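Each of the next two complexes has chain A plus one other chain: chain B in the first, chain C in the second.
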Partner chain A sequence: MAVLNFTLSEEGATVFHDALACMFKFSDDVCMEARQDKLTLTALNISKSAYICFTFAANRFFSRYVFEGNAQYRDRFFCQLTIRALLSIFRTRQGGELPQSKDSSIDKCDVVIDDGPGKKSRLIARVICRNGITASHSLAFEVKPPTHAKFIKDEAQNRWTISSRTLRQLMDHFGPGIELLDINTDNDASLVNFTCFTETMQQRRGGEDDALRKPLHTNIAVEMDEFDVITVKDKLHIIISVKDFRAILQHAQITGGELTTFYSDPGRPMKLSYGGDGVLCEFILMTVGEKDASALKHKNPRQNAAKSAKQPLDAASHRASSVPQAAPPKPNPTQQKLAPRPRQSQFEIRPQPMPPPPPPAPPATADSDSLFVPQADEDDQWEPLNDDDDEEVDQIDRLQWNSTGEPVMIKSSHFHT
Partner chain B sequence: MESSDGVPGPPLFRAVASSTRPLYQLLKSINFTKKIHVEITEQGIRFTADHARVMQGIARWTKSMFTSYTTNFNSPGSDQDSDSGAESAPPTFQISLPALLEALQIFGAADAAARQSKADMDPYRSNLRHLRNHDPDAFSNHTLGMSGTCSLSYASEGGPFSIVIEESGVTTTCNLTTYISEAREEIPFALEEDPTFKIITQARWLLDAMAEIVPTSPERLTICASRGPPYLRLTSSGGAFGSTTVDFEKGLALLETLRVEQRWSQTFRFEVVNSVTEAMKIANMVSLRGDSQGVLSIQFMVEVEGSEPSFLDFRVVPYVTHEDDEEEEGEGDGEGDGGEGEGETVGSVGGRDG
Partner chain C sequence: MRFRTELKNIRTFSKLIAALNSLEKIAWVRLDDEHVRITVIPDTGSQVWASLSVGLIFDNYTLQSADVNNTINLELPLGPLQRALKSAANSNHANLRLTKRDGVPMLSMTIHTMTKDDAPDGRSGGGGSGGLSKSRQHHNGSTSTPDADDPFGDVFEQESLELAMRREHEKVITQDIPVRVLNPATVETIMQPVIREPDVHIQLPPLLQLKAISDRFTKLALTAATGRASNNPKLELSANMFGSLRLRLVTDTLDVTSVWNGLENPELDPSQLAMPVEEHPSTVFKQAGADKWATVRVDGKDWSRVLSVGRLDGRVIACFCDDHALILYVYVPHQDDSNAEDVVTYYVSSFSS
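Here is the complex of A and B:
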């Protein structure tokens, strides 16, 4: 019996394709995670600064969805696939306006995943076209547990909701060659500013020619009335990558829903989410920390020190609770510098103003309504960053990415001790 | 070449066309070699492209595609009224295909650029528009009545093949070097005696099938024809992402003619078969035939506006396969294969036909 078996309608295949196309802007591979009640696609970009998660509700999105599991994967099954291959399978075929006899559009698409001892591990997508041609695509996959990013909703006191179409229209004003987007508020004027810019020339990676480039600043001021909900600390600057933001909005506008963002401070992750019919789209983006290049330069030694000091604690908390989110966010030098210890403990201890999870030990449950909680398997525990990741952090620094929030990106893996 | 009295004689061949688009499209579909073999006859021009003796493509420009078409040589069988004995045989030569295409493209360059971009986006509609009804563009030169002429001529043996394009007051003259033709051998195909199978279907279905396969960039393509479902099956293998099988499942509705003597399955180099895609885009119908040696013949019928349909011919030589390999290919994707049993397949179809 197949591990997973589902059928997509023509519209379903289109939505699926759109989701994959969006992910493809971040990553080459996608992790597919199937459970009884939902199918989740996740991807993490190569610099681990952006995490994408699409959740498809089993009963609403699919025309048919049967998760059988097998002895090895009873509750969930996961695999990693190449997005490029999936894109070509679910792409829209010619047809539509053509008469029935010439219509080669998709009638339905059956996807079967088989895995297990003695079986060929393949994802087989049978695309049945209206013209009577059937294409069976057989893809190899890698069984690999997905990496999930954690987002602590209670930490994110700043939030706003706006129509994705409105936001997409603003994007038209973004100039060419910009890299970063600074979202900041001015409560006095009741404005939200979207400022796009590139890093100043001396900060850019080394080329002499770069000195000739003029940094371009574009500021788009949006009245707060445009937002459905807005609760943002005054004068808070939050900076994200324009490329990521663009990719998200391009997809969000297709669904046409309301886009909601949550974020806390610079250098901490920002979450954007919107939903469609039976689909939930979530993005966690790392925001750039304080634009303090000199601070970045000095920080490395301390960073390592801080990490090694903190690590045992994290591990302990892991053991304390089997719920993955138990791991407190990793401290981070910049963060410590800017908003030192107090903030962190505050975050742990303070009674949550949010829909309340029991405040004490498993603060993890704070997220229990989040998508990432239901990780039943032990090996899904969040784990603090290891040294390898430190290297990546350094790399990010070179790219002018403040690494501060990096710890939230945690690999789910063997933390059994 | 000049006649004895010093006055240039009439060219061996001269033809004028009001549009180069059909000419261009037909030639483009055999665009898989640098040099093509040209044969001028009284009925039209025949172009043969040969790819490493593994694939051959033939395109024809028929007389009716031109507004005027004159030849000045004695074709075999016609009466000998020419003074010059040197001009008796139909001329044959080789020519650079990219250069010829380039020259033909100059005609309506601005329009063509716009159309081409559309064509890339929408192969079906471009096909219909260019060859049947012109693009309903209010500002195309054609609509505005500014269409020019393109005259082709081959003055004398060994001379250049000239293309003169006159359009909106601009005259472009291209002289293409001709080369002595090499001895040519057609890929043998046991035509009438022994077609193991013959399938006629719409070219677009074949294009659809190829479109499913192309993204996996496979190395090999297996074409399998059988009397029962799946009738016609294309299977790719050796691709980076996995394999793809395309079945013409509603065979009887999709295939206009289906005649299979015996289950036929051969494996080809994918790239070679894929170079026929260009022809699939412009053709209406396609006829696939295979002989007992495994050679595949693909014939396309292309409707040309204001002219009789033109035919494109391709022949492809398969990989040498052994029975074992074949079994391996067929295995794993198999509903309806009935253990590869030919007897069984034939039996099931017998009922259907009756």
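Here is the complex of A and C:
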């Protein structure tokens, strides 16, 4: 008998995929934890400053969900999988307008996990498409208890709730190259400020131009009325990573629900959560410490902020205690995963500080086979031709401007014709 | 020193900045009582002098400076300005002022904008996220308890309407662009180029078309380039006084030409000329016939960046000084005054043949 057996509908597979895609922005691996009443996916980023937990209710989210357990895993089963592999399984098939392609969408997805003495440790996913094709995937996993971040809700006196879509749209105003988001309140003005900033660039050329190379400093003031619930200490500054926040909102706007946050003081974790039908999404982020926050007002606070942002979350005390000492079977050496490597970010928000970000890909018009150009008023069309290589202008015969009205030829020994 | 203004025509302003930003990252901005002059002078490549009347992009403009001519000179990064203007694009109103933050001069843009709480973009999550909004906390309570007998009493209808109203709040976004205030003495030596009277002046065909074909030629040249050839291919641009423009690419292995006919050679205004029209070089060229072409060579990649100005949708007149220089005058019409026009002048970097 399988340890765990569940079926996802087409919608369920999509939600599952979205959740994994969100996690992939934080981590390469995900821990799956199955119990009688729920399935939990958790991930911790490499610097242990962000913890993600998605909980799927057994009776509401799945078309079918059977947790059998076995002698070894009586109450819960857990394993660790690579997100990349799972993403490709639950990837949404193109369900275009054409009738023949529509059928390649997922009809349902059966997942079976088997493990135990004398059995192969495998996750087997059978994806049944509308066009009659069934794809079976078999994934190896590592049996590894999940690490849960600890969050003391009683300690978190500050909280607010707002539409995730509103928040997501506000984030569009933040330019590239910013690293930190300071959320602060002003009770007198009845405002919540979202301030994005990046500390002074490291002096590269040491020139005066450096002042002009700072990224845009953006502040968004939102009236407290806009929030559904808000209880926050006046003038409290809480600072988190923009990249993490963006990744969360990217996912939250899909569910379209209200996003709720809980936090206490700088340097203590902040919890963000929102839910969909049968799904609860929770994130715990470490905030930048108070000392560092005050230092941010001074000249070069970058190191402090960065260091502090990496401060790991506390692992929950039950991390290992609930696992019987001898219980975890020795994983098959072939299944043993490599040491975690720095993840490949899916979308890199943080560009190189200098030089300025590379120009966008060459415009479509330049790639097209036709000389004729589309009429659409696409801004891309006006982008210059790719100038990826160095501006190594050959100075051989360039004419110079001056204010006399006569051309000045740059002298060159390579002058031909 | 004081500079404060409301922004208008943000779209036009934004397009101009985008066009300039493709040539150079940092611009020199000179503000006076009547004009905003934005100049970019790349180390290599074409330079641009955009002289806009204040009314084109600004409203309720205040400028105060210790300078005798009441001017302020700024050095300004175009990327952040472009990003800030993007933020302001769909705003209710936006203003710009010169200020200091932590002792550092800033151009601070204050934008009043709304967010759309529209229908979900894309699919809804889960088995339906509808359940969530219904379970939303009704913490404001309902002031009027509907009569149980009232057939129109629907608590949820009233609640959702009230919530929709509550969403209509403005958000205030502040975008601070770092700037450097320039001493007038450091900029007075920068002079706008002076060019002799052109041999040919011609209105360019739609720039999108010209750009697509020029880019294609440049790509061809890059593909066809053999070892010796540079990776900065040159295009040959020629025009005559009979409405023709010719774009040509010559490499070791290929020779392609694209010709536009029936373009306009605008009439010269004698009152603007320092010489009689009969002696003007373009008259000489016209008399020489349709085979008399004025030709310059431009760098393909730089030319592509120049043509990026097409996004402004303005009329473009090209002035050719044979084997010497190419200048583009881009006319930016005013939205509220059809007679007024501002000019953006491109001094296109050219190469002798």
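Everything below uses one rule, namely that the second predicted complex is superposed on the first by the 272 of 417 C-alpha atoms of A that agree within 3 Å, B and C clash if a C-alpha of one lies under 4 Å from a C-alpha of the other, contacts with A are read in each partner's own complex, and residues count from 1 in each chain.
The rule we apply is simple: a contact is a pair of C-beta atoms (placed from the backbone, for glycine too) under 8 Å apart; a residue touches a chain by one contact, two chains touch by 3 or more.
What you are looking at is a predicted structure, and each value in this text was computed from that prediction instead of being measured.
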Partner chain(s) touched by A:H137 [first = chain B, second = chain C, both, neither]: first
Contacts of A:L236 with chain B and chain C, given as first, second, both or neither: neither
Partner chain(s) touched by A:L280 [first = chain B, second = chain C, both, neither]: neither
Contacts of A:T166 with chain B and chain C, given as first, second, both or neither: second
Partner chain(s) touched by A:A57 [first = chain B, second = chain C, both, neither]: neither
Which of chain B and chain C A:G256 touches, first, second, both or neither: second
Dominant toucher of chain A (residue count), chain B or chain C: C
First (chain B), second (chain C), both or neither touched by A:D228: second
Residues of chain C touching chain A in the complex: 18-19, 22, 25-26, 43-45, 47, 75-77, 79-80, 83-84, 87, 101, 104, 106, 111, 115-118, 120-133, 136-137, 139, 166-167, 169-180, 191-196, 208-209, 211-213, 215-216, 218-219, 230-232, 299-301, 304-305, 307-308, 310-311, 324-325, 347, 349-353
Sites on chain A touched by chain C in the complex: 9, 11-12, 14-15, 18, 60-61, 161, 163, 165-166, 169-170, 172-173, 175-176, 208-209, 211-223, 225-226, 228-229, 253-258, 275-279, 356, 359, 362-363, 365-366, 371-373, 379, 381-385, 387, 389, 391-394, 397-399, 401-407, 409, 417
Residues of chain A defined as touching chain B within the complex: 82, 84-85, 87-88, 93-94, 98, 102, 104, 120, 122, 127-129, 131-140
List of chain B residues in touch with chain A within their complex: 122, 124, 204-205, 208-209, 211-213, 215-216, 230, 241-251, 253-254, 332-333
